[in-house]
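Below is the structure I would like to discuss, written out as structure tokens.
As written, the chain order gives the labels A, B, C and D, with residue 1 at the start of each chain.
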């Protein structure tokens, strides 16, 4: 029943789906329930309130959609835009590429701003476009907060600032799939109009819930958006929100209870502490990469991602071999290089419910794998560099002091 | 953490989500995994092969979509049709109504054939329409195999026969949400072009998987269908099928393993035995209703559903009270009457992984509830009628002989 | 992996092990933990405090021993008595027989007071013995509160009264295996010196914890008791209680958390409500038996048990066939007749986390099985009798009002 | 519900209870069952057969007792010996001490052969005793295969050789609690008469099962052994083995299914591969300790344990601080020093279902903790030493080649 079982734990370091904490696994370990009984709306009400907190919004309206990140993208776009609408979108890696592909297939007129893979969104170009766009033909700016393929985090505050500077009314749509609950994200402060994430990322749950949060402006836009949508239509949700039953179609009972626990764990740790933990683990990973003498795919420090690190391997090595070898020998799951960077990078996902020693075990594994594939790494070097940093910065676990 | 806990088991008799067998709950009790490792495609391959069996097809192509039944509908429609296409659709209850609503919102020209709620699809009207449609303006026939709101099962073989009689090339699209894996359904034999169901119904899993199966003709139609779709686009799946990695976006690891076990249990019992069990439980339920002196919402025997029975209550009773009371006093979950039959019917779902004594416990509960709300039922009467039938027809459990 | 799987739920109506509520299953769904960390003592402390409540004692000292009921018996005896000690013990069925066998093998001088199986302990004989025993040669009275083999509940208050009337200092040792948490039991009020139960009975957990509670007098007796014991020695526990680490050897982490939840559920429902629920289900079962025209193995109403009903079958029927048939055809697990009543009775366990509709499903199953084995029962008759009682007495579920 | 939760996984490196593999957790995730149904004996039969394999015996008789290691000790002793019997027992650490304490309290005449904590059993003394004992007053040799407190593995083959050399008929009783399923153990080849272990050790299950395996000679001895026993009496088991029902009292259904899976995983990996894995992880740990400049509590290489390493800390450090700090800061659970070595050693348990990267994560954590408590360890040094060894010796995972 378990395909290709190996002894001991699987070391899951892909940038999603990520490790699920035991309390969440426990919470989901249950039979179905009637979702029309009073219990499910009571539970849902608390979830919707608390989901807003992870977006750092008080004015947004969250939608919890039984779908994946791809579906969440579609929900964000089709509810706010109409076919033919001009949008600006940044291509900086595989996931922004896929989103752009979706934008084009949904019939929008996409102004693609491309950067080298490993660079962040080119906001200078955005500035020019906004400056030129006096008649506000640009209806939306679509940007991936954290490009999972290259480990690049874009500066959303700057995007907001540009929109404000040019007094531009474009909607600000953000893919927060590998950022929300892990990186600093502030929906209200940054004036984000639609933000979205998926359950299997920093929320540390199974796949199956797309979280989409809409600002009042986005809800207003939804009223006139002419993109065809039914499954992803916010209106169906809003109708049931009013009725207090919340669900236009059957939710996953298991995921609802899982989400309740996932949120409880995050709030118990403290959302800002969770973000600080990601910053710590991200930095530790980068120090290890440096100690190994390898390069980060991310070209500048300002774009370094605290949820995923894409590591460039020397030309004589196929990074897919690194991933394959880790899995076959050490029960280690690393992320492949995708598309343009296939064979060139492997990725270490360090997001979600994770701690220092898990990461150090992974780094030790990467070292052994690198040696296996012919890279002359000094064993222990990355671990030492990461540990030196972590041993100075890791706080005591609050509940255990 | 458990909202409104009651002592003992919840008796779950809504027509979905239904009871999950313990082995399936167990199989899903796991951490996430890298879905790009060799394990997940190996597992997926067996699933896709076996899913075809529950549709009784050898030529169909199944898609397992991270969505609900509503999403599965959208997938069926948008992949095979173009905006403006004329389709014939039968309105016989709340779920066919919702599907028609979706069809209209997706931009099709829907020829609605309406029946009283409690009647099956009017196939005489279909015959006339097909007869008239010499130039084949009708692109698809959309029909719900089993209308969950009224407990009506339509005769799909007759639909096929009419299409054949008139040599009509319309696509034959079937909502099998509350039928597949429970009622006799034969995709290939009946020439169904797209059939669909959801995981939380007769497959007895959590919500989260929409199963859509496409005939070769449907796949061909997909090539020219101009409905906008991305998340639901079969092409993205087909591309990954070819690559042998299967998933265009992250599947739920837990549901994949759950599905493996759900299918194993069905095949161990034997799909035809599963269907026979549903026939037995359906008949037993109807005998109880008759013994109570109540009427079945379904107006003719030919439409009786073996997965859900909608029971009409006398005018002086509000059927919502029956449901409420069952839940509040006996931890019994019955289905509400929806829309036109709200207040008039309550529904007993008898689909999925269920056995005789579970049903009899439910029937005993309904009797007590009916008395609670003022209907002078003879306690034990329905149970006696059902048991008389079941005691003559229930086979020994094969593994225990 | 599941031996002899059947479709739908197993209907578990043996008088132990009993159904485990889902929240308890969930709580136990976890990895091991270091039992010497601060977490386990913190948890244990709450458990020991709360376990006293189910014994209704404030002065008793509870021991939670990794063993079964048989081990709990041994713990009760060896810690309070010395080889050769005279004890009075009542033989009224298979479990009292086994306890007496243990008492004899442990070297005590057992004064066996035997009754017909189906009768309660003969307390008149006890009275005579106490009256005669002027020099207090009797060191202990050993009595089973509820004899699980025959469904007989003994009157413990009377035993206490007799001891008081004769001012007799004998220890009062009670097997509460199938009573505590289900029947009215009052350790302090009745002056019980050692009471015991097992986790798989009314606490509705897996097997693995023996609960033994000792009065101050019992603890005092332990100081001079010369029975050889190590694993079952209370002193080892008391030593670790003082240290605040609680465990002389490794406890089951899973059962500790399971117990926490099991107790929480009992207190949430209210212990007295739990007991009232058992009274209700016991009475309903007896009404069904009467309606079937069958006799209760228990000969007088004063001894009727609210946790298990032993049903006498007519001579021409082998009760083992009833049990076998229930399991093979209806996934129903009933209790066998044991020893003297083998073939003559089958048992319906109605203890633990159970509700009305579960019981009615069971009763409906028993009716069908009785017919299968040739007894001309009127189908529905028992269910009707039970339901008539239950529909008048079942309260609303408090959390759902 | 989770006492003192910390983010990420707990790193469980106490020498028991150990990590439970997910498939075993899954297998135990279930309701109770009637243990008198045909299913449980069918399952038990396979378990008893397979348990013999982990003892490497074909002639032994296994008993699976609902107890802990302490209870298994008591079962081994009381079934084979009589009060007053002379036995030779080796005191080399806390667990052999506790067993000797039990032996004495059970009334045996214990000839204690003491060694320094950190040394193995003094077999020279055994040789002398056997040589002197011409009239065979010594009834049994009791020895701990692996002393968990000091990480010392005794040489059982030599014990056997001595018994053979002196043609001595003493029973050979072995505590294999922290060895069986992890270290090389050969019941038949070494002529062991009783061997025992517990479920929470190398079998990687929860606490709750004591495994005791008796040679034909031990079974013969049981016939005349006069130690008082009931709960631990093998005869009760043997009676039910003959009946084919196997259980004298209620087993834990959950642990039975858990054991089935635990054994399946061990046989899938291959018992000898499991042992080799332990050898590899043990050696890696010792190399790390050496690299840290610390001493192993085990004084000679011949006694090195592959399941637990007790690490001596410098005098100016309290080893309890190491353990405390690991738990409080890194969610790392290490073993405390016990009794004579309290404050002087901390222990790394490396037994059970564990792999290379888990161990390296632990070692990295120990390094950081050592620095925290003032020991000037070079971060990464132990990981590097361990990894250098592991990267040369870890095989590919067979199912993934």
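As a convention for this text, contacts are C-beta pairs under 8 Å (C-beta built on N, C-alpha and C of every residue); 3 or more make two chains touch, one makes a residue touch a chain.
For each chain, UniProt lists the protein as follows: A, B, C, D = alanine--glyoxylate transaminase.
What you see is a predicted model; the values in this text were computed from it and never measured.
Repeated interface: A-B and one of C-D, B-C or B-D share more than half of their contact pairs by residue number, and that pair is C-D. Just to note, of A-D and A-C, the chains joined by more C-beta pairs in contact are A-D. Centroid to centroid, with C-alpha atoms defining each point, chain C and chain D lie 34 Å apart.
Taking the mean of the C-alpha atoms as each chain's centre, chain A and chain C sit 53 Å apart.
One finds 44 Å separating the Cα centroids of chain A and chain D. Counting partner chains per residue, chain B shows two or more touched chains at residues 1, 4, 19, 25, 27, 29-31, 38, 327, 400. Chain B contributes residues 1, 22, 25-27, 29-31, 38, 400 to its touches with chain D in the complex.
Those residues of chain D that touch chain C in the shared complex are 1, 3-4, 10, 12, 14, 16-20, 25, 27-40, 42-43, 66-71, 73-74, 83, 101-102, 105-107, 198, 200, 206-208, 227-228, 230-233, 248-255, 257, 260-261, 327, 333, 336.
Those residues of chain C lying in contact with chain B across their complex are 1-2, 4-9, 11, 19, 21-23, 29, 265, 268-269, 274, 277, 327-332, 353-362, 364-365, 367-368, 371-372, 378-381, 383-385, 387-388, 390-391, 394-397, 399-401.
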